[in-house]
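Alright, structures below, take your time with them.
Look at the two complexes coming up: chain A is in both, with chain B in one and chain C in the other.
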Partner chain A sequence: MSDSMQFYISTLVIYLFIDIIGVLGLNLQFGVAGIINFAYIVFVAVGAYTAAVLSLGPDYPGNFQHYVFGASWPFPLPILAAGAVSGALSLVVGVISLRRLRSDYQAMVMLVLSLIATLIATNATGLVNGPAGLATIPQPLYDWLNLDSLTYQWVYAGWCAFLTLIIFVFVRGITNSPLGRALRAMRDNDRAAAALGKNVTAMRLMIFVVGGAIAGISGAVFVEFIQAWSPGSWLYPETFVFLAAILVGGAANNWGVMLGTLLVPVGFLEATRFLPQIFYNGFIEAMQWVCVGLLILAFLWFRPSGLIPERPGRFRAHPETPPVPAE
Partner chain B sequence: MSQLIPAVGFGLITASILCIAAVGFTLQFSVTNILNLAYGDIMTACAFAAYLANHAGVNIWLSMVIAALFGAVFSLAINRFVYFQFVRRGTRLFGMIIVTIAMSLIIQNVLLAIFRPTFFSYKASPGPSYDLGGMIFTASQLAIIGIAVASMLAVHLISTRTKLGKAMRATATNPSLARSCGIATDTVIDAAWLLSGALCGIAGVALVLNTATFSEVTGATFLVPIIAAAILGGIGQPYGAMLGALTIGLASEIAASVISPSYKDVVAFVILIVVLLVRPQGILSEVASAKEVAA
Partner chain C sequence: MMPAQTDAILTVKDVHRDFGGVKAVDGATFSAQRAHITGLIGPNGAGKSTLMGIVAGAIKPVAGKITFEGQDVTGLPPHRIAHRGIIRTFQLSAEFSKLTVLENLLVAAPGQKGESLWGAELGKPYWGKAEAALVRTARGVLNRFAMTPKENDLAGNLSGGQKRLLEIMRALMAKPKMLLLDEPFAGVNPTLAREIEQYLVDLRKEGLSMIMVEHELSVVERVCDPVVVMAQGKVISEGSMQDVGSRQEVLDAYLVG
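Showing the complex of A and B:
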């Protein structure tokens, strides 16, 4: 295999794993707990910015870009910090918007949040360098490992795979636990769950924070790979790529959403990237977004449970429970 | 003080545009119970319809009428062919909000694909300027304020003086009871989409007349103050939306002149957060409580 082909394949593998991390986080919120977070990409972005400023080093006068909280923390601290900051932001957002609101009303508020976040990041130029964004973010351990760039790519892909595995095991731990069952009960009927003594507000907030932290980690790993991040990288429609992956793969099914990630953000968006530019520059991109929208509608219409549907709950009768006598 | 009075003038114009848009948004929600996140993109589509008419040589005010008609028919079509189909299949609110955002994505990018990524403007002169007690308005801005007042009056008269308006309010309060009283709720819902689409079209053209240029994301960006105004006033309440629009229009323009113009929408957002924390059902809360948007 030629070097350029290897570069391309390894990049795709890295994108796939990072997208899987992001989708698993959104699936916890959307698929498992029934929270429609149209601002998910904001938490990815905040994680990315956190990791970026914590590895760029302190800002100095005359620097070509300006940002706050600059530091050069050693790997993997920026990633952990990204998870913590995104999680903390989720807590604030969750406290304001999750309580007492109907699910579609919440979704609308989240959409507004996503639009506003872009506006603030673009206009507050001192915060994270405004519309130009941050660049030359160092790749973790690049100098220390001292590898050629192709080998480094594969090492990074391995690191992403390892991280994906950790997140997957963690998420699976939640979804397969009694907590996971309580969350699904809340999603299907929150009043019934509350009547059975579940604190639905606390559960909703908790899963929102966990999902937000995972979003932050995926953003951090992504930005340390592509080395640049700007408001244009996380406009509000990006959330719907994740959402489409979940709806295509199968909401609330961890294997399903991973399949969805392989098909939508990686498979579909990458394959169409190589179509020849027709009409004018940017036409293909616009049509990609139209297709993402159509894909969401088509799956909601024809196969709302996705390619690999959620497994229905199975209950074994307790061996000592006598059968209910027929009347 | 000297910069405050002109800011109030700008605020009145923004409030007028916001008023038309927010009333359309909230009216349709009250009758159909669907939060239509594609509203901003329908607005953009209407602005493009007026653009085509305008550049074909039609006067801008006549183009606005065309945009209103286009908006009415387009909204009705989206409901008939997409939203209503999903509702009839039993898609719940949870799913409907995803359907509307998918429509938003589709409309926005179809417009982008057709018209290409660039900025557009109408062929219209703003007319002579008038100084009214320190507030400077161009003739077209005065016309926008006039159109807003006229539309609000029309909405008020339709909802209080006509059979259709009463049927709409009945459907908004309790759809199944309205149906059992012999109101053809499907027709009422169609009428609500037509009316809200027409208001959406007028607002879209007025918005572009005021900002001079527009692109495929203009409407989607304007959705932030629309939603803030509707929620502040109490979602589903046309009068509340008027009140919300006036508050947010004035507050954001005054903040723009005092702090920085780029933070106009941030003010709307801050108001939205405060409302959600203090009184999520909004100022006029009857519809919001009836539809259980905020328990």
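Showing the complex of A and C:
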């Protein structure tokens, strides 16, 4: 295989794993717990910015870009910090929006938050360098590993695979447990769940923070790979790509949403890049958003439970043996 | 008035609640007896469901006091009310539609080890044993209500009557001291309604206290004692069905309402 092909493939593999991490987090919130988080990409973005400024080193006068909290933390601390910051922001947003409001209003709040966040990052230029964004973010352990850039790409793909596995095991620990069952119950009918003694506000906040932290981690791993991050990288429609992956794959099914990630953000959006340019430059890119919207609509109409539907828990017939976990 | 009852499990005292000027509950006072099914009847708009919602913690009262087993529970949130042992069912069926029947029952069990984040992450070695015990308990409940064949059906696919039954089974899994039943027979075919009625009577005989909102007065007459009559947000009569049924204010309320 030629080097350029290897570059392309390894990049796709890295994107796939990072998107899977992000989608698993959103699936916890949306698929499992029923929180319509249209601002998910904001938590990805905040994680990315956190990891970026903590890797770029302190800002100095005359620097071509300006940002706050600059530091040179060693790998993997910026990633952990990204998870913590996005989780903390989720807590703040959750406390404000998830406690009292009805779910349709929550969705509106999230959408507005997404728009506001873009405006802030763009216009508060001293914060994360405004519309130009941050660049030259160092790749983790690049000098220390001392590999040629192609080998480094494959090593990075392996690191992403490893991280995806950790996140998957963690998420599965939730979805396959009584906690996952209680969350799905809350999603189906939160009044009934509360009437049975579940503290639905606390559960909603908890899963919102967990999902937000996962979003932050995916953003951090992404930005350390592409080495640049600007408001244009995380416009609100990006959340809908994640949602499309969940709806196509199968909400509340971890395997389903991973398949959905392979098909939508990676497969569908990559494949359309190879279409010949027609009409005018940028037409294909514009049509991508249209197609993502149509894809969501089509699945909601014709296959609302997705390609691999949610699997309720099954329990063995013999009460002596331990039950089979839910998926 | 009826003779002073000494064994009231729940007392509602002068409870008020208005919705933008409409006095839905306007000074309701009554008590429910231990191991009795207290009927809550009255014309449409009398405030019965609102009062149930207030007792269950879903609606906050603006004034008044509710005590359960001698403790003030006024204004507690729904999950805390449930922890005290008051479990409600809903007027419209409130099943967890994408969970199986068995899962619906399992969810209701209180104090599950695997329901905290850390408990869940510790995995089956930590919560598996308790879970297996719960499955046994839930299967016992399913068996009692002749719903064993439906164990793995999605709750959303049950018939209307089976959903009512599911709610009662689910409520029992929560280890209640008192059930609040809001029209448990609404939309249930007569045969199944009779079965549910018998189950409720059996549960009462086992010592479970209940409050039941019901429109079908013949059912109320068969299973409820005492009966509390509401009209226009107030309790207008309290006593046995034969007793309240002959009172003029009750007849007036039904004719006017």
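FYI, the second predicted complex is superposed on the first by the 313 of 327 C-alpha atoms of A that agree within 3 Å, B and C clash if a C-alpha of one lies under 4 Å from a C-alpha of the other, contacts with A are read in each partner's own complex, and residues count from 1 in each chain.
Here is the rule we go by: a residue touches a chain if its C-beta (ideal position, glycine included) is under 8 Å from a C-beta of that chain, and two chains touch if they have at least 3 such contacts.
Just so we're clear, the structure is a prediction, and the values are computed from it rather than from any experiment.
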Chain B versus chain C as contact partner of A:Val210, first or second or both or neither: second
Partner chain in contact with A:Ala286 - chain B first, chain C second, else both or neither: first
Chain B versus chain C as contact partner of A:Asn199, first or second or both or neither: second
Which superposed partner A:Ile174 touches (first chain B, second chain C, both, neither): second
Which superposed partner A:Arg184 touches (first chain B, second chain C, both, neither): second
Touched partner set for A:Pro312, first chain B, second chain C, both or neither: second
In the complex with chain A, residue positions of chain C that touch it: 56, 58, 77-79, 82-83, 87-88, 90, 94-100, 102-104, 106-108, 110, 112-117, 119-121, 123-124, 127-129, 131-132, 135-136, 139, 152, 154, 167, 170-171, 174
Residues on chain B engaged by chain A in the complex (per definition of touch): 35, 37, 82, 85-86, 89, 91, 93-99, 101-106, 108-110, 112-113, 116-117, 220-221, 223-224, 227-228, 235, 260, 262-263, 265-266, 269, 272-273, 276-277, 280, 291-295
Chain A - residues contacting chain B, complex: 34, 36, 38, 96-97, 100-105, 107-109, 111-113, 115-116, 119-120, 122-123, 237, 240, 243, 247, 280, 282-283, 286-287, 289-290, 292-294, 296-297, 300-301, 304
Residues of chain A that touch chain C when the two form their complex: 170, 173-174, 177-182, 184-185, 187-189, 191-200, 206, 210, 252, 310, 312-315, 319-323, 325-326
